[in-house]
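Mind looking over this structure? Questions follow.
Here the chain labels run A, B, C, D, E, F, G and H in written order, and each chain numbers its own residues starting at 1.
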Amino acid sequence: MEQDELLKMLENVANGELSAENAMLRLKQQPFSDIGFAKVDNHRGLRQGAGEVIYGAGKTAQQICGIISAMLENGQERVLITRLPQETANEISVKYDIEYHENSGIAVLGGNKHADGIGKIVIATGGTSDIPVAEEAALTAEFLGNEVVRLYDVGVAGLHRLMAYLDVIMSATVIIAVAGMEGALASVVGGLADHPVIAVPTSVGYGASFGGVSALLSMLNSCASGVSVVNIDNGFGAAYQASMINHIRRK
Amino acid sequence: MEQDELLKMLENVANGELSAENAMLRLKQQPFSDIGFAKVDNHRGLRQGAGEVIYGAGKTAQQICGIISAMLENGQERVLITRLPQETANEISVKYDIEYHENSGIAVLGGNKHADGIGKIVIATGGTSDIPVAEEAALTAEFLGNEVVRLYDVGVAGLHRLMAYLDVIMSATVIIAVAGMEGALASVVGGLADHPVIAVPTSVGYGASFGGVSALLSMLNSCASGVSVVNIDNGFGAAYQASMINHIRRK
Amino acid sequence: MEQDELLKMLENVANGELSAENAMLRLKQQPFSDIGFAKVDNHRGLRQGAGEVIYGAGKTAQQICGIISAMLENGQERVLITRLPQETANEISVKYDIEYHENSGIAVLGGNKHADGIGKIVIATGGTSDIPVAEEAALTAEFLGNEVVRLYDVGVAGLHRLMAYLDVIMSATVIIAVAGMEGALASVVGGLADHPVIAVPTSVGYGASFGGVSALLSMLNSCASGVSVVNIDNGFGAAYQASMINHIRRK
Amino acid sequence: MEQDELLKMLENVANGELSAENAMLRLKQQPFSDIGFAKVDNHRGLRQGAGEVIYGAGKTAQQICGIISAMLENGQERVLITRLPQETANEISVKYDIEYHENSGIAVLGGNKHADGIGKIVIATGGTSDIPVAEEAALTAEFLGNEVVRLYDVGVAGLHRLMAYLDVIMSATVIIAVAGMEGALASVVGGLADHPVIAVPTSVGYGASFGGVSALLSMLNSCASGVSVVNIDNGFGAAYQASMINHIRRK
Amino acid sequence: MEQDELLKMLENVANGELSAENAMLRLKQQPFSDIGFAKVDNHRGLRQGAGEVIYGAGKTAQQICGIISAMLENGQERVLITRLPQETANEISVKYDIEYHENSGIAVLGGNKHADGIGKIVIATGGTSDIPVAEEAALTAEFLGNEVVRLYDVGVAGLHRLMAYLDVIMSATVIIAVAGMEGALASVVGGLADHPVIAVPTSVGYGASFGGVSALLSMLNSCASGVSVVNIDNGFGAAYQASMINHIRRK
Amino acid sequence: MEQDELLKMLENVANGELSAENAMLRLKQQPFSDIGFAKVDNHRGLRQGAGEVIYGAGKTAQQICGIISAMLENGQERVLITRLPQETANEISVKYDIEYHENSGIAVLGGNKHADGIGKIVIATGGTSDIPVAEEAALTAEFLGNEVVRLYDVGVAGLHRLMAYLDVIMSATVIIAVAGMEGALASVVGGLADHPVIAVPTSVGYGASFGGVSALLSMLNSCASGVSVVNIDNGFGAAYQASMINHIRRK
Amino acid sequence: MEQDELLKMLENVANGELSAENAMLRLKQQPFSDIGFAKVDNHRGLRQGAGEVIYGAGKTAQQICGIISAMLENGQERVLITRLPQETANEISVKYDIEYHENSGIAVLGGNKHADGIGKIVIATGGTSDIPVAEEAALTAEFLGNEVVRLYDVGVAGLHRLMAYLDVIMSATVIIAVAGMEGALASVVGGLADHPVIAVPTSVGYGASFGGVSALLSMLNSCASGVSVVNIDNGFGAAYQASMINHIRRK
Amino acid sequence: MEQDELLKMLENVANGELSAENAMLRLKQQPFSDIGFAKVDNHRGLRQGAGEVIYGAGKTAQQICGIISAMLENGQERVLITRLPQETANEISVKYDIEYHENSGIAVLGGNKHADGIGKIVIATGGTSDIPVAEEAALTAEFLGNEVVRLYDVGVAGLHRLMAYLDVIMSATVIIAVAGMEGALASVVGGLADHPVIAVPTSVGYGASFGGVSALLSMLNSCASGVSVVNIDNGFGAAYQASMINHIRRK
């Protein structure tokens, strides 16, 4: 149950659409469901503002279906699965109606949340090969209720391509900069923008790119202020934090 | 000139306190001042919402004074200097009235900006030895106009210490988690919070901590969503981004 | 021959069930059998309290059968094979009656030793993907005569899942903490427990997890006292030491 | 308050030496004392069987005295300080009566606990240069109530030196193997012993020893079963776990 | 003897200013002088177009004076010494009339060669702290007969500073891009220029800059074509190659 | 449009073969074409002297055809594709008439530019296994209008093989030294030549060659002056810079 | 032509079995044969005492046959091919009569040289999985004219296995110690032997063995004197040097 | 007691100069002397052909004197101390008559052994800065009874310097190649020589030389056969093995 759903449920109690008893029943559910191979976190929606997400890599279709089932039973209505291989997706789709994106390995069940963030999340990539990671970020951000602007193949070796979209960069609430090789995109964008930049190094490159380490180090050492970094190829993580920022509010 | 100052200047023109000619004069200043060894960025305040900051390490007192002078001439009223050694601070204080914090190497000229963020920035550390880096973050955040809550020595080896401050963690808009050694603080806090966590690995530790690399890797691989990372010991960078997040607004 | 078997043999001599001549014959066996490609250690049971174990990776079914044969000839009654591929297991099972666990690659011949340890060994994992390594540890510990409690998917990103099992953790004699990514589980468990924690980093993760190096470093730098570490994915090694601890006795 | 002290206190209540009121007062103390720069863990003795230890590196004499003071006020009677520089030790000794060991940087206040372990802890080193780390381990183990046997300079390049002490190795409950350079001592001892070996890599060596990394990797890859590893130069950590093992008991 | 000097000598023979006998004498000199601790390469000027350079680090003033003496005896008229500490420079200047640059550790004896290259070498730095390395490059290039344009503190975090000097960049024959931290300057300059860019990573930075490794990797992975890289802080090497390029000619 | 093409077009306007209107039309084309997954850089020929090159790895045949189409539409007449797998090349050749070199993965559309450089580019390899990388360099250099001399299998373990070709080395304008394993070729060639050497480390080798890292480090630390380095296996990058050097001219 | 063959040829000239003209013809052969993709070193036999060896990895059967052909034409009678895949070996054996060893990838043409070394080369391995590398060494040593003693699976975790063969170790002229994992075998053997030990780290192991790096570092840091090291899995290199040592003679 | 001394003692018994009783007394000495902080190996001379050597780094003058005293008492007549700081050497020389070499940190007590090897050991360095390591090797080799030829500053950047000494290289029984930076000397010498080359990487260099790692990797990957490697800066180890090779004999 996400925070929005909780609020709605309480309003339903208030206006009589839901009896207090049934509401209590739903609230009394255990904070997690122990299904043997996994302990599904049922309160994450309440605690973190977004329901549990399934990391699909290395899980069988059977395991994932078990987790989905536990989630649905506990009132979660929408599910995001990341790093899901095509084959596993096919097996799951027999049982559940998921929307699967092959390029990024993202699957969505129950559709995206309504975009209700403060502003827009701009996702920029250095090259064409960075697009799968960027799409993992974009689809995650949309699932979590954000308006996303895609700005792909604007690497610093052809600065005029980036400069042509200065207005897009300036209009963002948060920017996710996705780049492999030397990862300079994060620094250049970070120097231009007045809002947070989350940098995602990608494993694109060869030789001394060391599977994304070169881009990672480059981004960690960015001479531009306001840039933070997530793990190599972690489009999901960048989008998750970007969504948090885009939904920030006073407590 | 920061964005606030620009707004104020325009209002002054509007209400007649400043002539259009003088306003134009100030706006016509070059976007940077070339003082030989440095090209001082005069428009960063406009572009990024905060004036240029001086990275003090490896600069002579004379160089720093030159940069301060160029900044003041271009209308910047407050200056932050980071990583400033005690001795250099002493030399500078002969000429400029700076407030120097020895523990963190931070110097402030012209005082902090009024705290006008969305909420509070909580800065937590794993241990006592992480405090200098945490203070670099705290003083930077205060300089940039944020209310800061310090939560020091709450490392995960004694979970009850962290749990005792759950309400503080929950009340934050952004959390900066500062930790060395195995850096697990970021993951645990990230799992508890529903707002962005910026992790700062510190060089605290010995042996296989490799000067902060162990904590850095740990934080990059955090199993908690919503955690991003900055360079080892980079309290300034974390605070800079945290302040951006805490001042987020629709465009 | 393990230490228990030696004791039993001597008792049999004492009560006349075994003649002194036959006992001597068994004891006169060479300390190792040279079978060309391997020198099978026959005295390890006496010397270390557990007979030789076969590391199955990279060995042919024929080689493994040869080693088993040499072991059985020298009086060893139970054999553990680790890292055994499915295919090789199939070939071996034609000749020997082994119990094979596909998930962990463990095969057992002759059944487990009776559980005679001081207390229980608790094996905890951070996530579902760490289970194969945890099972390698669990099956090894059971083979060596230990009661095992499995506590899977209790990673620190959802602390309440771990906290719900505090009594299980407190009831252990030794804990084996199995985790990939940032490996924070070891530190958190280490801070809660008053008995030894053996940490097993796993190669679960991607990007800057570097095949388990991130978790390994994290565990080596644990801020909790009482945590030691074994090689990445080395569930067997952790269980072997845990069993030694669980069978500790005054000499 | 350590577990032994708790037991004694309850017995004192039972036999009338302590009033129930005073006992309750002592138990009602907060689980930690917040003294600003540190949150001293008062319940660690109860939780983990040994009171909090002070990691002296990077702390001022004033900070350490503050922590000692908080510990004493909460009923802890004995304090161990590790990695304490000579100069800081001198300053502390003005206020507290500590026994300081310069070679290992260990300071003890209130004397060692009575040796009440299951058996003996043997601490072996590869060379003379490893002795400071070995002494950190030895003094820690003695502080925590263990009988310690020192076996120094028995590296594998002169095997007969090690073999001459086989009986000592065999008589141990736990062995701590301390070695730099190639760290082979752990494997050789691990192959000889039938009890746990905790390996401590040291930063002794030059060139490709990389400050202890070579020994660390060697120990993690030990071909002997029953060997676990702690951080480079972490004599304290090895002794802490060894003491836990030497005090193991059924729950 | 450099190639220019050889040509001049032969012309002198042709016009009678030098007897054939004396010319032969000079040419018959050995290709290197063995002065015990060093074998001074006398033909490098002929072979490579520039006389031997003295790498000053780790050499005593006495050793350097010995090498200078051997060079002068063999007809070399100008000497460049790199990485020369102030103190050693002082000792040498007692005997030889050297021009010493403290900031870069460069010393020149006999003055610079006349600037006779194809065009200009532009040397750009990301920040103020990169200047010592840039000066090592600039002084080396001038010594070798090149016109040098210095463009310091134009890092990519403030792109407008770099853009303001586009004409300077475009006017170069070769560019040397000197930068630490994330080293993005090389890629951005490489994307703008139509002539070779030689990138020099510097050890400026902290934490995950790893003494220049981050900048080095970044530059090796540059997404801009036409960028090659030299060792960290190797301003001399970059200038040496840049001078070769600036003096290229058909054979 | 490359610089040569621009010049030719202007001459055509001058001599009436092209109307001013049509010339303007071609010049008014956008500096890049946005085709969704890529932003094709149309002005790179003007800016850098060579049209955009397609990096084929990880792109589909469809994507590459899209980019080729955009290039041709914008007046580029010749296209170079690097790192193109055989299968993708087959698909592309259905639509475009490319010349494909399987060994190096290079494809050329529209033929090579006329060789108009200052002199010759010599490409030397240490062994036979380095040839694919050397061919990537050779074919790129020929595409860009250079005369290339191939000198393969002249590694330093048999110096006389290299010495037999001293005249070839001496006749070059630029040398590209391609070597794996210990990469010593670059230093030896660098010591012999009086023109720039661009070193290309290759991933040839095993064990501690670490996929080319050993050769890379070796080349970066070359004791010979005048050697710069590109990424591991980056024959294209070396040739691109070599071509720039071979076409250097005064501005 | 190897040194032995040269001697024999000169003797044949002396005793009239070979005319001076024919001898001269053979000696006048070029020092290497240029066959396009390779420059076969014909004088290596003379220079180094052993004819050129073919490194088979990455070469086609056609290339290898070309090199063999060039060698035979230049009077070399025996050829060693290393790292030869089964399939390539099959193709070659159609044309040449090679003896192929699948386990080690070694192929021999023309048989081994008569064993004429000073003494015996002992080749020891830590485990069964190290045998392929050991066989590469053993077959190379036999090809080069050495008596070889194989001592497999004598790792230090079961010291008595090694001790049982002390006489074999003592009888060697050179020992090659082949081991993966922690590579401690080299140190233990090095401490026992009074002749050179050449250590070969193998890529056997998992996790923190890092493909042999752990064993490599261990061996480089051996506390035993008289141990040198070759590349990971380089059985050939170890045997080549061992053979040189076993054939040492005064000049 | 070294092997030579044992032989002499037995001859003295044979010719009546030593009584059998006294000989027995000397032989009955323990294989090592336990002096607390060290276990001095008295039989290493017998076992390995050279008495124990003292590694001076990190030992006090008092400790070293204690070890010398134990050695002398056990009949060793000559002692080598390596890596001895000047100050410690001064303290020792008060008590013992040592010959100290400041440049290499070598001290010799009792003079060198008579040079009785098979041939000469040639020690070559790449540059002047490698001389201290080369001298450690040279003095060790002389101590162990070898004729040494020094060939310093013959790095591959000026090949003619090395070529001028081809006869010296060819006359060696063993070559020790000492080089930092890219360490190419080992490969070039290895390609020229027909006897073993032991390569010693040095920590000379800066930036990406990583304290000798670059040279180490280069040497491990040498394309020349017959090259083995010791630890960075380990001149002693190279000389120790070279001496073993130079004294090889049939058993």
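Here is the rule we use: contacts are C-beta pairs under 8 Å (C-beta built on N, C-alpha and C of every residue); 3 or more make two chains touch, one makes a residue touch a chain.
Quantities reported herein were computed from a predicted structural model and do not represent experimental measurements.
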What's the chain with its C-alpha centre farthest out from chain A?
H
Between the Cα centroids of chain B and chain D the separation in whole angstrom comes to 39
Whole-Å separation of chain centres (CA-atom averages), chain C against chain F
55
Cα-centroid distance, chain D relative to chain G, in whole angstrom:
50
So what's the Cα centroid distance for chain B and chain G, whole Å?
61
List, in ascending order, every residue of chain D touching at least 2 other chains.
127, 158, 192, 207-209, 213, 216, 220-221, 225, 231
Any two chains that touch count here, so list every such pair.
A-B, A-C, A-E, A-F, B-C, B-D, B-E, C-D, C-G, D-G, D-H, E-F, E-H, F-G, F-H, G-H
Chain A-touching residues of chain B, taken from the complex the two chains share
3, 47-50, 53, 118-119, 170-174, 192-196, 198, 216, 220-221, 225-231, 236-238, 240-241, 244-246, 248-251
Would you tell me which residues of chain A are touching chain E in their complex?
126-127, 155-159, 181-184, 187-188, 190-192, 205, 207-210, 213-215, 217-225
In the complex, chain E touches chain B at residues 128-129, 131, 152-154, 158, 160-161, 164, 204, 206-209
Inside the complex, what are the residues of chain E that reach chain H?
31-32, 36-39, 41, 43-44, 55, 57-59, 63, 201, 203, 211-213, 216, 231-234
